[in-house]
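Next come two complexes, and both contain chain A; in the first it sits with chain B, in the second with chain C.
After this line comes the complex of A and B, so read on.
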């Protein structure tokens, strides 16, 4: 199995008026080609930033301090804006955002926006571009494509918009899709429908998906591997089975336990005592230590290195 | 949907008509708001009794006010705006002679202010917090803090008197249009550049901008196609709302530059108490503003599909 994405020791901060936000501090993340890889963690832990780094859309105040982001072996951190635009965005890596309500340009029709993506591929005649657009919309199971094309975003429901987004992002046949909490803004029933579309893509294409969420239950349905993020670091990466049956990091265990306890509400991360630390002056050593029941003295001094504790099972905890 | 759309337009047009009626009333009442006998106001205190009676007859001043209005407004619809007391010629003819220069001046001023204001707004947003952005702010504050008549005099002094690049006032071809147009246009440019910058920044922060970038669209296309189109929508109102100031500015500037348009004509007619002319020009200006607002709404519905399809 080839790795399509390897993030190595990525450290990234933001300059703000209140100080330096140490948003990512030594992130390691490997994604296998053709796999669905989940990235889970509480709001503000750095999931979106990780995705935006891969597609080169970080805010201007971001500063990359060290590390590598290898996409098919090429370090994206060395790419210029122009290289990202020509070689990566849309073509190799596409991204779907959290809020479908604001992800489509309100003043252009669905057809215009879909065609815009498809046309970036190669110069083809109008006829076949329109055919490609219709195929894409069928692929994400949108009904009544003909009339949909003439519509404007405000005329679609959130679920439809999000499927249009996926179709649009697949318009250039990228190898990887970053889905940043794509179902968070959707109703539960619509979520299921959306996940079925993704499952279908998984079964019929070789698309790699980095699926960002703060909902562990969603991941169990579609992901092969999961990385758990806490305050700017990946604390555990394992197959979906290992995460549930054999969670190792104290934080992961709490996540899994809270899901099992509260079997109705799957949006469970809030139930862990304490809250995510602010990333201006984050806790030294292991960033989880103020909330960790297993913490020892050392934990507030030493940054836990990433260890392999089983096949493809990585954990960053001093006591493992 | 079509029904709702139609009722929206019916309501909009009714509102325009009501506004138009209101402003026509104001223009009409101008003469009567001034205390004293309108005939004496128009002719001055030293005319003969026969002359007073003639003017009362001509403008139906012996009739009750509502009837006078009806006479006046039905005249307006027939193209009879009365006769100028000063020139003893139909007001309509006098206006026809002068409306061209005014439209040329206002048109150029608007063109300068809109293109420059929008351009500087975009550039300032893209290059925010850089010297370019600071320069855009600085120039806007600069133009806004100079009174138009003073700026006009300054231009005349420097470019007319000292450098002799342009004629000192009057209307001698294209060159004499430049500085009057700049005097109005620069001020309004300053007025448009700030909100345009704010709109652009707001739009550039939207998810859909990130999304079109994620598709792989070129930066220039992202700006020109998506950001600009969205940021321009609220600017339509800004521009329509600004129109009265553009008109007001052109009145002052026409006087400063001896521009033979409606603005300077209005001022001289006020001074000469040539009320039929004053009424007609005020009515014209007010109608222009009313129509511009209607056009702005129409434009909205063309550019913004959210309005086009729903309301």
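After this line comes the complex of A and C, so read on.
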């Protein structure tokens, strides 16, 4: 199996008035081509930043301190903005965000924006482009395509906009999609429809997806592997089955046992004491140690290295 | 204690909008008994927040009755409404916007205590505030903090403490953990449960999270486009939902079990606008069972057993 994305020891910080935000601190993340890889973690742990690094859209105050972000073997950290535009964004890698409205242009109809996305730059092919657009919209199971094409973004619901975004993305035929909390603002019934569309793509194409979310339940529906992120580091990576049935890192264990599920009771739910740390002066050593029940002295001094504890099961914890 | 302690009868709340009459709450009837933890689920925009804001008289009801402790509070005047505020508490979804950033925790909690005359001097106020903080798992030293010095979970605990300060009889909780991270959600739910036992409270939870309602409530209602479509004992409704909307909604909840894959989609399409809502059964355009009667006639909420009522022609 080929790895399409390999992030190695990525350290990234932001300069702010309050101090240096140590947003990513030694992130390792491997994504297999054709797989759906989940990236889960609580707000502010660095999920979006990780995605934005891959498409070269970091804020100006970001500083990359070390590491590599290899896409098909090429280090994206060495890319210029021009290279990102020409080789990566929208071509190799597309990113879909939580708020689809922000990526759709309010003053153009869906048809214009879709045509733009699949543009083959030749006038005589206009007809076939329209056909492609309709096919794409059908692919994401949007009903009533004819009338949809004439509409403007504000006339669509959040769920429909999100599917238009996926259709546009497909029009550019990228190898990889980074979906950043695409269903967080949607209702469960609309979310289920959206996940359905992704599952279809999974079964019919070789698309790679990095699915970012704070909702572990969503990942179990579609992902092959999951990486768990905490305060700027990946603490565990494993198959979805292992993360769920055989979690190893103390944080993952707590996280899995704090999700509300069909058989949860108040007593069965675990709480994690304290709260997510700020990333200006984060805890030394293992960033989870102040909240960890298994922590020993060493945990506040030594940064846990990533260890392989089983087949494709990686954990960064000193007690494992 | 009368069983019909809080009873809402055919309550309506319509908004005038440029597009027409928006029926946010379109004839809701429900009962909450003292000591219940009632949970209301439904997708966004179905009218949950409007319903409780109307019950709390933060919004003027368009029509209907709200019986509380034997009185129809739908018709109360301003001075009486103020007294009602002492009996009914409200906690919003976002602690970030509901706490005043310029007020310390002490001031935030002292205000309701003083306004409602629960404490009369600084010493009593401080004692009461320490008690409230303890109830919410916080320490006395949190008194001097400002909201920006607190985590999201701590802020929400202050918002809950503020609602509990006046010793209300019932507390309405509008998505109390939706804006928080999962790792702190459990803590809030457990503290709320503890406070409920401690102060013998009645809760009215609203959430779009079905599994949350499953965990925290003993009675529940499922709302769709301004109406209750199914209501009853949480265990009964969850184990075996009857209304086609409840079935589809529960089915759509992602199951955190990697061995179970995506279920068949039952809920197709999207919720229509509450302006010009569909005729008959408001769910009929999305219902896999709908027949001609459903388009024509509105189904009434009918008793199926002692444990539940359903509004669907399939069950009438």
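As a working rule, the second predicted complex is superposed on the first by the 302 of 320 C-alpha atoms of A that agree within 3 Å, B and C clash if a C-alpha of one lies under 4 Å from a C-alpha of the other, contacts with A are read in each partner's own complex, and residues count from 1 in each chain.
What we mean here is this: a contact is a pair of C-beta atoms (placed from the backbone, for glycine too) under 8 Å apart; a residue touches a chain by one contact, two chains touch by 3 or more.
Just so it is clear, the model here is predicted, and its values are computed rather than measured.
In the superposition on chain A, A:168 makes contact with chain B only, not with chain C. Once chain A of one complex is fitted onto chain A of the other, the partner contacts of A:159 are limited to chain C, with no touch recorded for chain B.
Applying the stated contact rule after C-alpha superposition, one finds that A:15 touches neither chain B nor chain C.
Looking at the shared chain after the overlay, A:150 reaches neither chain B nor chain C. Within the superposed three-chain model, A:55 lies in touch with chain B and out of touch with chain C [touch as defined at top].
Once chain A of one complex is fitted onto chain A of the other, the partner contacts of A:258 are limited to chain C, with no touch recorded for chain B.
Looking at the shared chain after the overlay, A:215 reaches chain C, while chain B stays out of its contact range.
Contact with chain B, but none with chain C, is seen for A:102 once the two complexes are overlaid on the shared chain. In the superposed model, C is the one of chain B and chain C that contacts more residues of chain A. Against chain A, the residues of chain B that register as touching in their complex are 206-208, 210-219, 226, 229-230, 233, 303-306, 309-310. By the touch criterion stated above, chain A contacts chain C in their complex at residues 42-43, 143, 157, 159-160, 187-193, 195-196, 199, 214-218, 220-222, 240-241, 244-245, 254-255, 258-262, 264-266, 269-273, 275-276. Interface residues of chain C, counted against chain A in their complex, comprise 43-44, 151-154, 181-187, 189-190, 193, 208-212, 214-216, 248-249, 251-263, 265, 267-271. Looking at the complex, you find that chain A touches chain B at residues 55, 57, 81, 85-86, 88-91, 94-95, 97-99, 102-109, 116-117, 120, 152, 154-155, 165, 168-169, 171-172.
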